[in-house]
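Sharing a structure with you now.
When the chains are written out, they are named A, B, C, D, E and F in that same order, and each has its own residue count from 1.
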Amino acid sequence: MAFDHGHREEHVDDGMIMIQANLDDMSPEWCGHVADLLFEAGANDVFWIPIYMKKGRPGVMLNVLVHSTRLEAMEDIIFAETTSFGLRYTSVACHRLERRFDEVHTPWGTVRVKTGYHGGRLVEYAPEYEDCRRAARNGGVPLKMVYEEARRLWRMKEAGGAERFEPQLAGEDKNPPFGRRNGN
Amino acid sequence: MAFDHGHREEHVDDGMIMIQANLDDMSPEWCGHVADLLFEAGANDVFWIPIYMKKGRPGVMLNVLVHSTRLEAMEDIIFAETTSFGLRYTSVACHRLERRFDEVHTPWGTVRVKTGYHGGRLVEYAPEYEDCRRAARNGGVPLKMVYEEARRLWRMKEAGGAERFEPQLAGEDKNPPFGRRNGN
Amino acid sequence: MAFDHGHREEHVDDGMIMIQANLDDMSPEWCGHVADLLFEAGANDVFWIPIYMKKGRPGVMLNVLVHSTRLEAMEDIIFAETTSFGLRYTSVACHRLERRFDEVHTPWGTVRVKTGYHGGRLVEYAPEYEDCRRAARNGGVPLKMVYEEARRLWRMKEAGGAERFEPQLAGEDKNPPFGRRNGN
Amino acid sequence: MAFDHGHREEHVDDGMIMIQANLDDMSPEWCGHVADLLFEAGANDVFWIPIYMKKGRPGVMLNVLVHSTRLEAMEDIIFAETTSFGLRYTSVACHRLERRFDEVHTPWGTVRVKTGYHGGRLVEYAPEYEDCRRAARNGGVPLKMVYEEARRLWRMKEAGGAERFEPQLAGEDKNPPFGRRNGN
Amino acid sequence: MAFDHGHREEHVDDGMIMIQANLDDMSPEWCGHVADLLFEAGANDVFWIPIYMKKGRPGVMLNVLVHSTRLEAMEDIIFAETTSFGLRYTSVACHRLERRFDEVHTPWGTVRVKTGYHGGRLVEYAPEYEDCRRAARNGGVPLKMVYEEARRLWRMKEAGGAERFEPQLAGEDKNPPFGRRNGN
Amino acid sequence: MAFDHGHREEHVDDGMIMIQANLDDMSPEWCGHVADLLFEAGANDVFWIPIYMKKGRPGVMLNVLVHSTRLEAMEDIIFAETTSFGLRYTSVACHRLERRFDEVHTPWGTVRVKTGYHGGRLVEYAPEYEDCRRAARNGGVPLKMVYEEARRLWRMKEAGGAERFEPQLAGEDKNPPFGRRNGN
């Protein structure tokens, strides 16, 4: 989903649309460029699904998630850059977590960590890919080692240095995190 | 779609929602567990679609079909158990056939048969997978043989033992089944 | 999307529906026949998506795009011809380009060319597959050569024989085509 | 795998090759034509695998299974008809069952049935798709009903009309079919 | 790849084969059972690839990795349990890491950790899925939290409790791990 | 396949290997980085196939095509950067076309064109993606327009400016190109 820096509240946005176009006669070589243009013009997400089309055609379906106010801009790009004679769209609601950004200092460079909160509780934390990749390049170490170390450092930071993992996940209280699920 | 034992009328349920979350940084190892939890919490269906995401990522899209009243329970699980920072959902109507359950006695064990009726006519019959698997295990015979025999036995039972297949498919009359389609 | 000969205005049709059925116990051998029947009964598009279903099943999802007035006809076919006990559908809007048909004369036969206009500007042109295939068969030449030649001939015809490609794309003026996108 | 009418002994052919070409810049529209040409020139099987290629390209991999003596003919077609600048191939051994052909008379037309024998035991039987499709068209009945009836009729014929399914599967003796597996 | 408990040296096994069978007329419902039987009979790995077959069939390719001495047992199962009239196989060499097993004690239960060594250096460590799933069930906590904690505990154990991650990865010396790659 | 600038003869290289590793517990986020490293270390091609693995895991299979002399370098990267405990490889022969490079001057910038010759005959020509993308960016025009124009210009150049497409494809004679196929 969309990536935007800074603090942001958990919310549901029901003004989103999903645009889809089935492509059975386009060179896959163009897909990267099309996606770049769509992202630059405001798409929240762009992805492709392999599909089986008529007459033995292994086509792809272009998917664009975007706010409804950006529909026309997306359509202009899709019609200009793909081979599509038609597209379809439908309304979707997007539920996005509260996002905060933090950073940790690995031996190979600083890495931002994106965190997600659901109902005020921490449920996700993810080191930034580009930062990790840069650190892995700089340090000549495996990318997976950078991720692991960044995750470890962030948890320690969050926990105030304490060793046990689980209690620190829940910010405000001592209940096990994600407890709401068990209550259902 | 949802599986529920006992008799049930054909109906359209327009209070359903389809929840989707694109996952580009989650271990596929977790998918089975996530699906189990979603089913246990009331999901009617859970499945995964391979998708092509940005930056060369062969991700997957989680799909959950569920009644709208269960949205929150699904969200709690998705946010707790996957790496998603956001999900989307849209309303869908589900048209479900009338379902009845019968059983047949194969040489290797009893097998339930689920049947589906559209406008009062029989259109589907399906031996239960778990029963067939158990029978195949018990009898040391191929699963496909169990299915074939269960299907044959059920048709004979339905037909009152008569040999010809087709006329017995239509319950109330002698018209060919699925005739409505030809009328369109 | 739907294919219909003759001139047609660009428009948005918001009376369309997308029907989906997950199939985890159907022989893929039947898919071609099912698609043929759906197209014959008025489907605008039929395609299949590989999906990962429960219990290790590599199933497929049937997708049918059709006008809402044809829902019942599609359902009759799906229930009669597949193994589905239920299907789902949702409303979608389809944006279709203005379409015109032209033809060109290749050394191996006549080929129709379908063109698409967005806001009055040419954005797509596509030689017809069946025509190109017939020409390739007749001429004993590669299909890709027929496409290339048909595209070249159509651009020359459109341009009045002039050599430069780009200016002729925009019908009414000398602005670069697809210019609206840059204005966003 | 290859389809050839008439009786044929079970055998292993270790003179086969699998040819593969990754296509990241070809219109999927051409795939059906390419496959047709390859089959006509002697390919035993042609299929396509969706793959994720560099730079965000949802490409396809062409796969051609063919006898090594037909390599050159396949290469000529692949280089002429696709966009490939290179292909690869490797030796494979093909184990093919003994195949026999029979036929049954359904209420909607005659259907050939292909049967497969492994070590002299019946392990597969499959009504021919084109025959079933024609029967379904002729009779205005679902294709799945034609398959079911053709399978039932063939089993009855094989069994000499007896009712129990399983004992008739094994031709020469009363041991359960596929017994070799249990002996391992 | 194969999973076997206990210590095992890094090695290359060039007596392996990959068996493949394209299935265009089999119910996906049977796939789980087929895979179970193949694993029980000695398959090192079983997986399925979605493929596009002729006549618009979204089929699957069964893949079985196994030692060549087990070929016949695999064939018996494939011919007995699937709809295949033929299969193919080719020789492959398998390079397997040295594997060791350790265990850690999470707050929710004991979890085994499988580690892999390449040229004597630690390159992989993976908590066992079934153990993590059981712990997550027992503790009512997210599976991802169990994995994270198991990984953290194992690294601490490996490092003798020290805090920094990277130096402990390399057992015998202070060079960065995976250094051989940089030496190429 | 491998991309190398300059003239190169058509040839078969039978010293290649295909390396494969099934990944069911790796974040897809790492795939781009892994592919980059493999390409930098000499891989001729790197791609990913979506596969269905045991326990409901939608995994991916890493594929690396490389010369056998580079096997060890590839293995070091795969074991260091992915989660794999084992990989497999097999010998393949690669048939590569003779490649030449030319260039054309579009209104939006110079574009290199790669051409492929099979048995001395032109069978492929492909404008370079990165050049076309740069031109499209520079000119603010659709990528597909750049491709089309680059292809048109190259054909004109090849033909000495003549208008008819087909005769110029065959360099040395007036026979239809790709004629060898028809001779089989």
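Structural remarks
Everything that follows uses one rule, which is that contacts are C-beta pairs under 8 Å (C-beta built on N, C-alpha and C of every residue); 3 or more make two chains touch, one makes a residue touch a chain.
Chain-to-protein mapping (UniProt): A, B, C, D, E, F = Nickel insertion protein.
Computed from a predicted model, the values in this text were never measured in an experiment.
Averaging Cα atoms per chain gives one point for each, and the point farthest from that of chain D (Nickel insertion protein) is the centre of A. Least-squares overlay of CA atoms from chain E (Nickel insertion protein) onto chain F (Nickel insertion protein) yields a rotation of 120° to the nearest 5.
Chain pairs A-E and D-F differ in how many C-beta pairs they share in contact, with the greater number at D-F. With chains reduced to the mean position of their C-alpha atoms, the one farthest from chain B (Nickel insertion protein) is F.
Counted by residue number, the contact pairs of A-C are over half the same as those of B-C, the matching pair from B-C, C-F or A-E. Averaging Cα coordinates per chain places chain B (Nickel insertion protein) and chain E (Nickel insertion protein) 29 Å apart. Taking the mean of the C-alpha atoms as each chain's centre, chain C (Nickel insertion protein) and chain E (Nickel insertion protein) sit 42 Å apart. Residues of chain C (Nickel insertion protein) in contact with at least two other chains: 25, 27, 29, 31, 35, 48-50, 52-56, 58-60, 80, 83, 90, 129, 142, 177-178.
Chain contact topology: the protein chains form a complete graph, every chain touching every other one. Within the complex formed with chain D (Nickel insertion protein), the chain C (Nickel insertion protein) residues making contact are 27, 29-30, 33-34, 50, 80-83, 129, 133, 136, 142-144, 147. Residues 22, 25, 41, 49-55, 59, 61, 72-73, 75-77, 79-80, 83-90 of chain A (Nickel insertion protein) touch chain C (Nickel insertion protein) in their complex. Across the interface of their complex, chain C (Nickel insertion protein) is touched by residues 23-29, 31-32, 35, 48, 50, 53, 55-60 of chain E (Nickel insertion protein).
Every residue of chain B (Nickel insertion protein) that touches chain C (Nickel insertion protein) in the complex is listed here, in rising order: 1-2, 16, 18, 31, 35, 39, 45-50, 60, 63, 65, 90-97, 99, 114, 116, 118, 123-124, 126, 129, 177-178, 180-181, 184. Partner chain E (Nickel insertion protein) is touched in their complex by these residues of chain A (Nickel insertion protein): 50, 52, 54-56, 58, 107, 139-142, 145, 148-149, 151-152, 155, 164-166, 169, 176-178, 182.
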